[in-house]
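Contents: one structure, followed by commentary.
Chain naming follows the written order as A, B, C and D, and within any one chain the residues start at number 1.
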Amino acid sequence: MSDKVHLDRDHGQHLLREMLRIRRFEAKCVELYQAQKIRGFLHLYDGEEAVAVGVMQALDARDAVVSTYRDHGHALARGVDMGSLVAEMYGKVEGCSRGRGGSMHFFDRAKRFYGGNAIVGGGLPLAVGIALADKELRAGAVTVCFFGEGAAGEGEFHESLNLAELWKLPVLFVCENNLYAMGVPLEEAEAETDIYRKAAAYRTPAEKVDGMDPIAVEAAARRAAASIRSGNGPYFLECRTYRFRAHSMFDAQLYRTKEEVELWKKRDPLPRLQTWLVENNMLSEEELRRMESEIDAEIVAAVAFAEAGQWEAIEDLERFVLMDEAPE
Amino acid sequence: MNAEKGTAAPLRMTYREACRQAIREALAGDPKTFIMGEDVGLYGGCYAVTKGLLEEFGPMRVRDTPLAESAFVGAGIGAALAGMRPIVEIMTCNFSLLALDQILNNAATISHMSGGQFAVPLVIRMATGAGRQLAAQHSHSLEGWYAHIPGLKVLAPATVEDARYMLKAALNDPNPVLIFEHIVLYNAEGELDPSVTAVDISTAKVRRPGRAVTILAYGNSLPKALQAADELARDGIDAEVIDLRVLRPLDNATIFQSVTKTRRCVIVDEGWKSGSISAEIAARLSEDLFFELDAPIRRICSREAPIPYAAHLEAAALPQMPHIVDAARRLVRPA
Amino acid sequence: MNESDIRNLIFDVLSGIAPEADPTKLAGTVDLRAALDLDSMDFLNFVIALSKRISVNIPEADYPKLFTLNGAIAYLAK
Amino acid sequence: MSDFVMPSLGADMEKGTVVEWRIKPGSAVKRGDVVAVVETLKGAIEVEIFEEGTVAELIAKEGQEVPVGGVLARITRPGETAPAQPAPQPPLPATPQPKIPPPIISVTAPSARVKVSPAARRRAAERGIDPDRLTGTGIDGSVTLADVEAAPAPTPAEAALPKAAKPRWGFEPSEMRQAIAAAVSRSKREIPHYYLTTTIDMSAALHWLQAYNKERLPDKRLLPAVLALKATAKALRETPQLNGYWESGAFRAMERINIGWAVSLRGGGLIAPALRDVDRMTLPEVMAALRDLVARARGGGLRSSELTDPTFTVTSLGDRGAESVIGVIYPPQVAILGLGRISKRPWVVDNQVAARPLMAASLSADHRASDGHTGGLFLDALDRLLQEPDAL
């Protein structure tokens, strides 16, 4: 698989569909949260779609994904069934985590999706461990570890990057730098605000990528995956991106201005890719309308699946606290 | 103004507002006091407790920190060692695990290990507990762990009055004091008696006197215990409800005096049963009050599983009022 | 049986029925039922115990003769 | 027409204040439009709408605090004219009320050894009583302090045990008094009693009883109470509304007829344990059960279920005491029969006044569960049944 991005009609429309799917899914989540169907914390991905969709193009079924509490985009782009995600946020047993995790904790064994994690930086050591195992058991497999620039402040960030490079582990560290760790701007949290430069301290190859451009992200991800699969050890991508919505559902965004948000919205990857495809007649009005209606139908079906779901029996509360044996 | 007694009428506020006023009073009162933690400044506090303080006291006294619990808690300990009186906020006890080493091996140990040369006059505030469907990693109740550690004081303010005045007493204490604020209590409202301007941080309090059975509770378990007592009263069972307030050191005297009178005890504790604070209390009762007991001690704790997200499972995992009523009734009037 | 045996028999039976009371302090003519707070069940048990201990049938009609200590002793002596 | 309601914007948000409307009646709205700014405890948050249509009416005014779910505005759907009456919004299916599971009772494994609470064991030592001899009313059948207090004075053999203090008699009086106080005050507070009394000519019953007892040795003889109990049970078969419990706002009839018999305890106190299935017992069986019950009530050997099983209670002053008694109902029962002292008084028979052994029978009943008419039927049945004792 070359690391160049060959953009033809099909691939262009595929990227657009994947990003549009995430954007509309997140809008439905806001609606369901306000109607009190979804509870707890909810962290939405609007604006960062290019990162998840771009990175996933470089992966295949044998690869593993470790996510964060902002995991909707990662799960959808990785191919986790949309109905199981809505059911999970409804707390139904048909949810991808049996209704026990909610929005921050999507898991899917078949997709090697090792879950969202609500502890900032909590996923990094996990990804190092999964890669350690894959190096033995699944030759050529890559473990992608998503995290926000806030995690760079955690001790686990340093400890994980050092181990990965020290033991040449197949980890693709993807830092989604959206400029705010909840309410703390980047320059008030990091002495070095170019996060990718930190990888040099461990001699790990790193790139800074425009996280608002799915093609740029895909190209970088392909380069990284190729390097990792050939045994060169971990690779570090800092994707500069921006979240259009609040940190989570209950945030008055006192820490940033409306003007800044509008400024970044001008670089929204969705309309930019859509107009580029139309101008290069790789996308007709008809095809766009069909794509949108197919996505809306998928969302309607997913919500219906969740509505029809069951509550897990209370007698099962302590099931899986301990496992009888490790699933293969 | 209350005309007859010439005192101000009782003030009604939320538990959250009481916490904010306590911090404001501390910052205004002592230049050596500052508050440090994730999103305490610009964001106004994850639970909006410190909203407006940055504007009033500036970024040196209201410090936002990076996501580095071990580092900024350790820094708080260092500042206390060197003469400051810091208040460190750990967003929730769930994230305090990353700072557990600093709290145990430095804060709780240095004064003893240095032969009394150094004190650590530090206050650490943490939100705690479950009940908002935040799933396992955001719903822990770890007060019991910290109450195991000699060298710490551990407080669990359940009333608006304690939320308002425990901080002042904690800041005046030369030892590291941990204050656990249950997330469900933040919205609770209560009255402040204007004649009360300070509270102790060493005793438990009888919140409802009774004769037939003692119910011990702390934090968000207190309202459940009081509701249980009302339900029991309708059934002719007179329950005494005690608010532990302080989990380390435990106020043995108040607990023993009550159980000696009622001879029956139910302990409500949101932690997991094994090795919990309720286990410690039950052990002390059977060691020192054995001959006063007329029925086995009962503990109502969270089910031993990670707290699930789904509402009905979370409710099933947590101690609830009907369980308290049933346990107390079985002790007094076994079927 | 002589009079003192009968008296002790009556006291022993009464102590089983009204343990907290001290029948020895009773005057001979006072109504036992009022003095010892005996209800109809207690008095029936008193009659049953007496009739068993001295194996004699005591018809209901004779109950009034047993209401006082002296009456009881006189009745049982026959 | 549909309601646009105050959205839930956070896990612990209960209410919000509309600080700024971005729409006005007549403006068109589509999915995702920001229609208002709402002030919450976290600060001002822009609120989106998720439906197409035009604004019909703004309900909440700026500055007004509205709970989550409260109506903020009315939106007419495209193609719908603004009907006068707003179409009823399908009620929001409430988030599931979490069902509290039954508690898990850690039942200790039954062990052969008699369980005695520490306090009871110490008190038994003080009273010189062997606690293992007592039947316990505590958890898992354990002997409790109350059991030891209620135990009869130690027999001579027991008396030989080292006595720590002079044994006191009867239940811990203060504890017993308190239990009664709690029950009767709750009864008077919660139960709207109605009262009916009647006078019953007991000649037939007593005459039958004399004949019955004449042919039997004392230990096979019956007391008048036995006839009254059996008649009561049969009368309750005719008026089932008096036999059962008032629970959570409704009457629950009970199939079995377990009659609580009020036993006064020596040294003060009262207890009304149950005689079970009186309607199915013969008179001798009722007598045997009554004797056993009274003996155990006074000897401290009652089982706790006997205290909670009665479905109806009878209180009788026996042959000494007042002419009539009007009882206080034992919650959760719904009625109590009070039997006065049987005494000779004037009574009209065939237009002549004669001396007859009369008994006052009074019924106190819970007016939530039954009415005077039912109470009257019960007392009539009781009277009628007592006139034919051999049919009991």
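Criterion: a contact is a pair of C-beta atoms (placed from the backbone, for glycine too) under 8 Å apart; a residue touches a chain by one contact, two chains touch by 3 or more.
This structure is a prediction, so every number in the text was calculated from the model and none was measured.
Trainee: From the Cα centroids, identify the chain that ends up most central relative to all protein Cα atoms.
Mentor: Chain closest to the assembly's C-alpha mean: B.
Trainee: Taking CA centroids for every chain, report which one is farthest away from chain D.
Mentor: Most distant chain from chain D: A.
Trainee: If I rank C-D and A-B by number of C-beta contact pairs, which comes first?
Mentor: Comparing C-D with A-B, the pair joined by more C-beta contacts is A-B.
Trainee: Based only on mean CA positions, could you tell me how far chain B sits from chain D in angstrom?
Mentor: Each chain's C-alpha centroid was found; their separation is 38 Å.
Trainee: What's the distance between the Cα centroids of chain A and chain B, rounded to whole Å?
Mentor: That gives a centre separation of 37 Å.
Trainee: Could you state the distance in Å from the CA-based centre of chain A to that of chain C?
Mentor: Centre-to-centre distance between chain A and chain C: 96 Å.
Trainee: Give the residues of chain B touching no fewer than two other chains, as numbers and ranges.
Mentor: Correct list: 44, 132-134, 311-312, 316.
Trainee: Multi-chain contacts in chain A: which residues touch at least two other chains?
Mentor: Chain A, residues with two or more chain partners: 39-41, 251-252, 254, 311, 314.
Trainee: Two or more other chains in contact with one residue: find those residues in chain D.
Mentor: Correct list: 11-12, 42-43, 95-96, 99, 101.
Trainee: Sort the chain contact graph into one of these: line, ring, star, complete or other.
Mentor: other
Trainee: Please list, in label order, each pair of chains that touches.
Mentor: A-B, A-D, B-D, C-D
Trainee: Quick one: which bits of chain D touch chain A in the complex? Just the residue numbers, please.
Mentor: The contact residues of chain D facing chain A are 7-13, 31-32, 40, 42-45, 47-48, 50, 68-69, 92, 95-96, 99, 101.
Trainee: Tell me, which parts of chain D touch chain B in their complex?
Mentor: 11-12, 14, 41-43, 95-96, 98-101, 103, 105, 108, 117-120, 122, 137-140, 142, 144-145, 178-179, 182-183, 186, 304-305, 308
Trainee: Under the touch definition given earlier, write down the residues of chain B that touch chain A in their complex.
Mentor: 38-39, 41-44, 46, 64, 66-68, 70-71, 94-95, 98, 132-138, 303-306, 308-313, 316-317
Trainee: Contact residues on chain A for chain D in the complex?
Mentor: So the residues of chain A in touch with chain D come to 27, 30-31, 33-37, 39-41, 246, 249-254, 311, 314.
Trainee: Taking the touch rule as given, give the residues of chain C at its contact with chain D in the complex, in rising order.
Mentor: Residues 18-20, 33-34, 37, 39-41, 44-45, 47-48, 51-52, 57-60 of chain C touch chain D in their complex.
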